[in-house]
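Both of the next two complexes hold chain A, though its partner changes from chain B to chain C.
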Partner chain A sequence: MQILLNGLIVGSAYALMGVGFSLIYSTVRYFNLAYGVIAVWGVYVLLFLMERFAVPFPIAVFLGALVSIVFGLGSYVLLFRPMYRRKSSPLVIMVASFGLLIILQNFASLVWGDTTKSVSLSDQILKGYEFFGMFITANQLAIAVTAVLMVVLLELFLQKTKIGMAIRAIGDNQELTKVLGIKTETIILWVYVLGSFLSAVSASMYALEIGVKPTYGVFFVIKAFIAAIIGGLGSVRGTLLGGLILGIAENFGVYVFGGQWQDTVAFVLLAVVLLWKPEGVFSKRRLVSIE
Partner chain B sequence: MKKIFSVLMMSLFVLTACGEVSPDGRPETASPENPFGGEVIRMGYIGPLTGDAASLGQDEKATLEMWLEQNPEIDGKKVEIVYEDGKCNGQEAASAAQKLIAINKVQVLLGGLCSGETLGIAPIAEQEKVLAFSSFSTSPEITDAGDYVFRNAPSDANSSTVLVDLVDQYSKIALISQNNDYSAAYRKALQDKLPGAGVELVVDEAFNSGTTDFKTILQKVKDSEAEALVLIPGEVSPGGFIVKQAAELGVELPMFGGDVLSGTEFFDIGKDATEGIKIVIMAADESDSVVKKFIDDFVARNNREPSATAFMLLNWDKMNILKQAITEVGYDASALKDYLYAMEGFEGIGGLSKFDKNGDVSLTPGVMIAKDGSFVLLSEDDENIVESEESEDEEGFDE
Partner chain C sequence: MSLLAVTNWSVSYGVNKIIHNIDFHIEEGEILLLMGPNGAGKSTVLKSVFGLTPHGSGEMIYNGQSLKPSPDLMVKTGVSFVPQGNTIFSNMTIEENLRMGAYHEVNPVTVEERLEEVISFFPVLKRKRSESAFAMSGGERQILALARALMTSPKLLMLDEPSIGLAPKIVQEVFEKIQMINEEFGTAVVIVEHNLKSLLKIAHRGYILVQGKIAVEGPVEKVAQSDVLEKAFFGELA
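The block that comes next holds the complex of A and B.
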């Protein structure tokens, strides 16, 4: 049970990370590998605000996420949009996003240093709470509560607001939404805002557990990517479940096979899903090839 | 379908390939101003200037720079050090060594710092007949790495013996180590020696580099009957995360570790949970006036405390040993090698150094305990405190 709980909580961070990735993919149809490192920048800003100006953690998370949004929008407007308009292939844009990942990562090590920096709610290590024979730490609780809150807000946003509905519409059929007179350009900007915000918040929460360092951008985007593919690229609920499955599988993998098998379990899971159901375990749609 | 599949696999490949990208592959110093040797004694440094062990590498670099400021010349010749980033990785260190030997024409390689680096450098040093001299690598494998490979840091073969002596009061212990050269060798030494001391390893987990979440491994420890936890990570930050997450999960076992835990990030991450952890390390006696002066100078110059003081002292000693050797026999690797094997013993600030036939030093490591955010030498008082805290333990603390 404890392993299941650990897995669920890590999985909820992966899930949030994956949802943002998946949303961006569903509207623009290319992989944005710089997605994780943009979140890392948000965490660094959070840490800076907490250390320098003693900004309380929740506010710092929000402000850090705003910086990530600026980075996210900047990357789209300055790099991806011109390429997208020029009808560059998704593969070319992905390579460009990889370049951006390296640039932002190196820039992060230049500004913030290479060492792992810890992010914590207090100066002391807080012992966890015990219930029904299981242990949940303060950080885990914070991650779980935030994840649930974000998912509820996201669902409300996507289901109840006009922009949310437009985002879903574009995800379903971009050409048709254009015909219907929805401004896809504005909606894509909104998706970048949403995706960057989600990734920064989930990275900030996960940073309570693992701290932050420049190379985490790669780690985050790999987890987001796997969660999104397991659940079904473009499907919000699928990706959420995909993240949870990934978290649980990794933790059981560690428990059963040992620590060195954690990544292997994740990639075996990915390979199995790609072979068996490449459109994602929870996707109702069949895959069509991308242009 | 085929197309999306190939895009997926391609991106996966790109992502996994980019693993740890570090910003600084370029040399710290520009190409040599004096390619013909002449009156310049040029040495090469290889250590992790970026990455997980960067705090140690940067301190080593600062120590060497400090030494150079005080000893700009040996025997009337200008001394220069060219710094290269080995990234705590054998492959990177090997290319750095190739570059330093081929382009900078060095006779002496200072380093590596990580054992993996030194093991990567060793075959090249051996082939090119260039001296490789580490003050930090402690893996037992380095003992047989070659004639040109020296170190004045004690081998983990010695350290693991001290560690086994420290934990032989327990009958069952858990071991968490990392999948890298240093940890694997240390782990093997413990696996070999613990049964002889009557200690059973009930959990023996090795994690991959880059792992940050240890809760499930710690759950295994919690579910076992282990009476103590031994941590042999190969990098500083995972050590901090293990200690932090253990405290959060309520794993209240006495903890012991290797010298890697002595980096500053350990306390930054582990905070108050680090209190009382004992490590086997080449320990510096900070009450000693010479040691104190070194630390004061270091702080004055770099605005920070050195992270693994004892090893910085060994670096200092290494430079003085080399200075003495170069003055005696000149700047030639083969002559220096012969000199070091024959050397009677060098009384430095880190202790008396004398090399055996494998280039290993005679020093033995000591035990330090974490107290208020730094490691201090274990004193009689600490042992008494530990004993009263672990009141259930009938046996005394034998060391």
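The block that comes next holds the complex of A and C.
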């Protein structure tokens, strides 16, 4: 049960990370590999604010996420949007996003250093909680509570607001949204705001467990990618469940095979899903092969 | 004064001129048929007027005002467009699809009133309003697309091949609904369509387009008697 709980908590961070990634993909239909490193910048800003100005953790998370939003919007407006308007292929844009990932990662190394830095909720050591024979640390509790809160807010936003519905509509049928007179480029800007915010918050929460270093951008985007593929690219609810499945599978994998097999378990899971149900475990759509 | 009047309208894709300086107009409350063989440019005319594809030159007067084609401007000024084929948001419920039709309406009370009015006009949608649009049949999807287009209370409805991919019986139902919309709401309708037999009964006027030029225009009875379409289909006008 303890492994399941740990898996759910890690999975909730993956789920949040995956949802932002999936939202962006569903509206623009290219993979943005710089997604993770943009989140890493948010975590570094959080750390900087906490260490230098003693800003409380929740406020620092929010301010760090704002910086990630600026990075996310900047990357879209200055790099991806011009390519998107020129109808560059998704592969070309993905390669460009990989270039941006390397640039931002190296820039992070230059500014913040290469070593892993730990992130904590406060200066004091916080006690954990025991219930039904399971133990949950204060960090884990913070991750779980944040994830649930963010998911509820996100669902409300996507279901009840005009912009949220437009985001879903663009993910569903972008050509049709143009026919309804919806300015898709404005909505895509909103998606980048939302996606960058989610990525930074989830990375900040996960950093409580593993700390932060420049190369974690790759780690984050891989986890987001796998969660999104498992759940079905573009499906918010599917990606949430995909993230949870990934977290649980990894934790059971680590328990059985050892910590060095964590990523292997994730990729085996990805391969199984791609072979068995490539459209995603929770997707209603079916992929049809083109012969 | 015409509801919509387009003069000297040209559309080019790169160096290829698709539409050649055509003039046409739509009167308030009429059903106008735009006919022609494949590749004549019927859909291109409709899309360019709505702003979905760029046009080369020409002027458009809508409701007495000069307009530059752009989908958001057209929707805001009372024109709705139903594209061919891919017409609904399949991951949304029927009600959500309809609400998307009123995206530009800022007053939530107006949206609710319009939603109830439209949904009571289409009983098939009323029964299933909270169900996903994913499982709808082709005919139901077309009805939903028509209903969504009415969410803005448009003065003009543009329909691009509304019968495409539908069984003959369903086509008849869709055309009946179009006629009801025209009569009930006084909405002018312009239809690009291949399936002419049934439409000739409900349309008031028509244009036949051949190779991007208007070959015949006038009351639908006159257009129906023209042999231009037949000649165009058999390549005699090439």
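As a working rule, the second predicted complex is superposed on the first by the 283 of 291 C-alpha atoms of A that agree within 3 Å, B and C clash if a C-alpha of one lies under 4 Å from a C-alpha of the other, contacts with A are read in each partner's own complex, and residues count from 1 in each chain.
As a working rule, a residue touches a chain if its C-beta (ideal position, glycine included) is under 8 Å from a C-beta of that chain, and two chains touch if they have at least 3 such contacts.
All values reported here derive from a predicted model rather than from experimental measurement.
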| item | value |
| --- | --- |
| Contacts of A:S75 with chain B and chain C, given as first, second, both or neither | neither |
| Chain B versus chain C, judged by how many residues of chain A each one touches | B |
| Which of chain B and chain C A:K183 touches, first, second, both or neither | second |
| Which superposed partner A:A166 touches (first chain B, second chain C, both, neither) | second |
| Touching partner for A:E175 - first (chain B), second (chain C), both, neither | second |
| Interfacial residue positions of chain B with respect to chain A in the complex | 1-5, 7-8, 10-12, 14-16, 18-24, 50-52, 54-55, 176, 179, 205-208, 210-217, 219-220, 237, 240-241, 244-245, 247-250, 265, 268-273 |
| Residues of chain A that touch chain C when the two form their complex | 162, 165-166, 168-169, 171-173, 175-183, 284 |
| Partner chain B, residues of chain A touching it in the complex | 2-3, 6-7, 10, 31, 33, 90-91, 94-95, 98, 101-102, 105-106, 109-110, 113-118, 120, 123-128, 130, 135, 137-139, 209-211, 213-215, 218-219, 221-222, 225, 229, 251, 254-255, 258-260, 262-263, 270, 274, 278, 287, 289-290 |
| Of chain C, residues touching chain A in the complex | 50, 52, 71-76, 81-83, 86-92, 96, 99-101, 103-104, 134, 148 |
